[in-house]
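Consider the two complexes below, in which chain A is the common component and chain B and chain C are the respective partners.
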Partner chain A sequence: MKITSGLGSALIAVCIGIGISLILALLTGASPLLTLKALWVGSLGTPDSLAVTINNAVPLILTGMAVLVAFRAGLFNIGGEGQMYMGALGAVLVGLYVDLPPVLEVPLLIAGGALFGALLAGLAGLLRAYTGAHEVISTIMMNYIAQYFVNYMVTKGPLNKGSYSAQTHPINPSARLPVLWNNPVSPVTISVIIALASVLFIHWFLTRTKQGFVLNTVGLNPRMATYAGTNIKGYWISGMMLAGAFAGMAGAVMVGGVFHKLVANFSTGAGFTGIAVALLAKNQPLGLIPAALLFGGLNSANLELQLSAGVPKDVVLIIQAVVILSVAVQAVISERLEKREAAGIDRVGSQ
Partner chain B sequence: MKRKTVVGILVLVLALFSLTTGVAFGEPLRVILVTDIGGLGDKGFNDGGWLGVQMAEEQLGVTGNVIQSFQQTDFIPNLTTAARQADVVVALGFLMADAISEVAARFPNVKFILVDSVAEELPNLASYEIRAGQGAYLAGIVAAAVTETGRVGMVEPMSIPPVIAFTAGYGAGVKTWNELTGSNVELVVKDAGAFNDPARGKALALSMIGQNVDIMMSGANTGLGVFQAVKEKNDEEGITLEAVAAGTKPKYFGVGVDLDQDDIYPGMMLTSALKNVPEVILGAIKSIQDGTFTGGHHAVGIQEDATGITDLRHTRHLVPDEAMAVVEKAVELMRAGNKDLEIPLAVENAEKFIQDFKVPEELRFVLQ
Partner chain C sequence: MSSKQAPYAVEMLQVVKRFSQVLAVDHANLQVKQGEVHAVIGENGAGKSTLMRLLYGFYTADSGTIRINGQTVKMTDPGVAIAHGIGMVHQEFMLVPRLNALDNIILGQEPRKGLRVDRQKAREEITRLASELGFQVDLHTEVRDLPVGVQQKVELLKVLYRGASILILDEPTAVLTPQEVDELFEMLENLQKQGKTIILITHKLDEVMAIADRITVMRRGKTVKTVSKDSTTSGELASLMVGRNVILDITPPPVEPGEKVLTVRNLSLQEPGSARVLVDRVSFEVREGEILGIAGVSGNGQSELAEMLTGLTRPTSGEILIRGQEVTFGSVRRKRESGIAHIPEDRRNTGLVMALSVEDNLTIGHQDNPELSGKVLLKRQAIEERSDRLINMFDIRPPRRDVAAWHLSGGNQQKVIIARELAHDPEVLVANQPTRGLDVAAMEYVYHHLLEARSQGKAIVLISMELDEVLTLSDRILVMYNGRIVGEFSRTNADIEQIGLLMLQGREAG
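Here is the complex of A and B:
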């Protein structure tokens, strides 16, 4: 009941955001009607755009998860981008150098990505636990280290395929993620299942397991957790590793499902968008799905907005930001209202 | 039976009509440019591509449109959508090479144009690489004629064969001037190791100036650092941009690459060796219109207006007329297809190339 009403008000916020966007489109000389149509056709309205939306959303669910899990342990993981790059590196190493039947190789590719992402994030957790280095700083810096290390590996490093192109050789066919829906524009692979399973797993983990409960406690009140005898350093490190594993998997599904190789600068900010996705989802695992679909759909609509509605790229970006902003504002306002309501009830109760 | 024949003929006629493109009916070709992540406003290849499409709109009467990509995963969806709506799809740069090859294979009836990279061999996909070494050759002649220290420099953003081809052409131009005039201008080459490192470019340029080099060619973002060093060193000598505009001759010069960079520091940029992306696209679209289009890999140079140097609008008065005469003659020879002046697209060893380079006999008569 609560979730549906949350969704309802989020939808209203999306509508308000779109309304403002239409005015913006009108001001820049585009037709609001065509803009509206392009938003719909370009995100969900045709099978092709639906496929692109889904494929945009999958890595965002996973990088959103990387922020969410760390946040539950009381840590800000700004390093999703770097962890995703390392994950892509781990995955491409499996894809290039391991030759097994797909049943074994595909899980190994995903695991390779998860491992590399987890190791990088774990390092930030380790630094936080034992040196006090703040994870915001260390994860931001590690983004650069990871991205440029991976870029080096594929441009001048040992993974470069030669012929001046900044990429690796293609991975073995057996390492490609199996395709569920062979859409000609953007084939949808089992990465969707991986993302959804991750969401369900973390939802279960955080609400139904002892470790999940302790992780939440560490995040909400580290002093109490220490008092209760929890090894909070251990939870910081393992929490970051779990978070990094999801970002790493985002990189792995890009390599195994989209590019089938590793390309320099393959991501332009999916790791950072994950932060916004997690915030929009109010750090609830199930909320990641609609939040990521919103971002993915707006990204997908960019094509139609440019082609059919004649909205230039910069205005497309503004429209995206306006829609997301209005959803975020709605989230904060409704939270305030809830608190005020709760406070009111308390007062009534005490009389 | 008779009805079937009629239907059959109708189908045949329709099929024939659909085989001939819209041009046959006087309908304009629909051209869509798909940019890479840089997008419009990059003052680089993407802007050049859009300019080319706009020139085709004006001169050839096609209708043009552009799709800008936000992320690398957009390339294939964007190219596919473009292919569904257009007769001609244009893309630029090596980032797009794999994606355009994949999409072109799925749309055999649509023509694809890729500039400044090599794509797969397909009958409906033409990739154009620009012999920018020819432009660098002309710049080399001009630089060798203008230097006062007798040393000109090249800061390679990254020593890979397509970049070394610039050095090779530039050095061949210097050698030409030396042989024609009996001077002894030297070429100093340094590798910055990164396209995107202006700080390193600047440091290398300063060290070159310390070694008595007064004219430096460079490119990409790294080159911007080189040109900044040129300006600062001139400033130190009291030669500001205002002084140059008022007629003072700068002590140090930069030579731009790929784009017309003469206006970065007007008067302090001797010239630029160009990659004329708009002209290449215009030519490719024209070839589709008049039916001479062929798929596969094309190397284009001065013959196709794909390269050259700028009009020296700020520096012409500093260049001896003899040098301009040599440049003019060299352009003429290149247009006529002179094999010695066909600087390759990729060179492994610039030093060896320059050593083996034979100055065309025809150029010797220019100064006599």
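Here is the complex of A and C:
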């Protein structure tokens, strides 16, 4: 019930976003019709663009999950970017130094990424629980630490492959993620399955398990959770670790599925876009899939918009921004409506 | 009659103010003579502050008349009150911490010289006002660096600077040291000599007897009586303040108390980082089938006591035993496992997760029960059946497990909490303000369940600001004042005047 209404309002937000963008396109002199067509062709309309969209969406699902899970524990994880960098580092260490058959090595690579992401995020949870340091501040700062630490490791540090390029040696072939659809522009690997499985896992975790139930309580009302006998600090720390694990996996699939090595500054900001994806998904795990596809598709359509419709590339950013704003405005409006409704019921309610 | 005399400085007639479900001020009458110190007394929540905020224009009355110096005034906002010479010193000071005392006082009323603020003129004026009252204030110190007592003087000067002739002081001594209280009273006497009218809100009888000329007692939003100090005693005031309003005629069935369940010995709590003792060597025992009532004005350590009993706050020293087993420093979980259940005072923020369903709210805290979950998975069906059973047993309305808690009325929210807390057969029930904000029907319902739990042999600690409630339900009554137990009564020898005096001044003699 809640998910469908969430989906409905998210769709409205998307339509508003695209509508405003078409007006903008018109103002910049482009044809709205061509713009729409370019949006379609560039995101889903051809096999190549579809593959790019999917590969854009996969890390966004995972970094969106990193925001969603922390949010369910009542914490704002702004550190997805840093956790993704650490995850890439963990994955590349496995890919470089472990040599096992793919059936073992690939899961190990993903696990290495998850572990490193979890440790970095867990540190923020630990600081929040025991020193009160706000996780927003600490995760933002850790983004820089993680990114520059990883950059150092692959440029001047021990993982540099020895030439002047800022990257590691390629990982073992057995560590590469198996390809499902060998699209020539952008091969689609089992990272898709990893992302979808993560979504289903968290959906199940939050609705079916005891620990997920408690995590939800902690996030919605830590005071009540404490009163009911929950160790909320433990849930903050483990909630952050679980969240960080997903961002770490995003880094791992980039290493194992896209680059097959670790490159300095490899991210295009998926860690941050994940925040918007989780927002658009209204923090419902299943909502992450369409939300990530939307953002992935818009990015994928970017080039097509410029080439065939003559829309400046900034318009894509504007579409994204307008969509996010529409969602945020809707959240405020529906919250007020609910409150008014609740107040009304209070007044007529009787024993 | 009144036409021959000087008119009253303040006259409030049949004033009513309602906040959604609560009648905060109920046809109240207040008549304050010019030049007198008039105390408005009553327990917490009796409506004193609301009545004063109506006078100050902070709230607008739903009905009734307000006259200032004989003239009917529509108090729509504080500006109107100020224009009629009314000034209010709030319990929480309305000062800008980073501005100095002078700027705080003149803020909004700056004397001007051309475009500039004429601070010189302001300083002379304020210094004159202060010296008339017999004190000095360093006007150049930032307010945040001033002691609380001096901040209060700044606040008072602010009011006088605006030309107030009728001063309202809301619990002015709550934040002061005894020495500062003496200074304040001296100041008030000086103000009275200058012909100012002073309205003092308080619940401390000592202060009333020390300084007031006349006293109006409020209870449950009503003005019960106005008396002059010379014709009353603190005993009479105490019983007027806490006096009985029997709403529900309930006689608990006789229950023979069984074995000792809860033992508390010398339990103390010191405020972290200060020397203030919030709970001071409290000792008591509760037996099976017994309700121990704890009476007191709010803020005398009862909430802290409840939090220590239930594990939310760690005691500084002392002992808590359940059937002889020590649980003093145990966590909430440990205390719950040893059989303590808790109806918290803050229903909305502590007792429930408002956004979650009734079912979830009934389950929280019991999710580890092997009937309701395995190691990882929740047993959804068992949870649903249990929720339906509890909804039925405790008559929660609407009888649906999937509605969010905030859709329920206050009474039904409380039923959810009671159902959850009693569901697993606790040994001890700590009920803190279990009927706060509930209507009579819901109140009766809560009483019924507390008495039923008593019949089932549970040991119950009932903490309530409502003396009626304590007197109606309790087998024994303890009175808490300043963190200490200052009196113990049994149901049969409970004397309302004695209890009232103990609640209000910590000792029996006036």
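Note that the second predicted complex is superposed on the first by the 306 of 351 C-alpha atoms of A that agree within 3 Å, B and C clash if a C-alpha of one lies under 4 Å from a C-alpha of the other, contacts with A are read in each partner's own complex, and residues count from 1 in each chain.
One rule holds for everything that comes next: contacts are C-beta pairs under 8 Å (C-beta built on N, C-alpha and C of every residue); 3 or more make two chains touch, one makes a residue touch a chain.
Everything quoted here is computed from the prediction, not taken from an experiment.
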Original post:
So, does A:A228 touch the first partner chain B, the second partner chain C, both, or neither?
Top reply: second
Original post:
Which of the two partners, first being chain B and second being chain C, lies in contact with A:V263: first, second, both, or neither?
Top reply: first
**OP:** Examine A:K210 and indicate which partner it touches, taking first as chain B and second as chain C; both and neither are also allowed.
**Re:** second
**OP:** With the two complexes superposed on chain A, say which partner A:L220 touches: chain B (first), chain C (second), both, or neither.
**Re:** second
Original post:
Which positions of chain A touch chain C when the two form their complex?
Top reply: 208-211, 213-214, 216-217, 220-221, 223-231, 342, 345-347, 349-351
Original post:
Across the complex, what residues on chain A touch chain B?
Top reply: 48, 52, 55-56, 164-167, 184-186, 254, 258-259, 263, 265-270, 299-300, 302-303, 306-307, 312-313
**OP:** Enumerate the contact residues on chain C facing chain A in the complex.
**Re:** 20-21, 310-312, 331-333, 336, 342, 344, 349-356, 360, 363-365, 367-368, 373-378, 380, 397, 406-412, 439, 441-442, 445
Original post:
Quick one: in the complex, what on chain B touches chain A?
Top reply: 32, 37, 39-40, 65-68, 70-74, 76-78, 80-81, 85, 94-95, 97-98, 106, 160-162
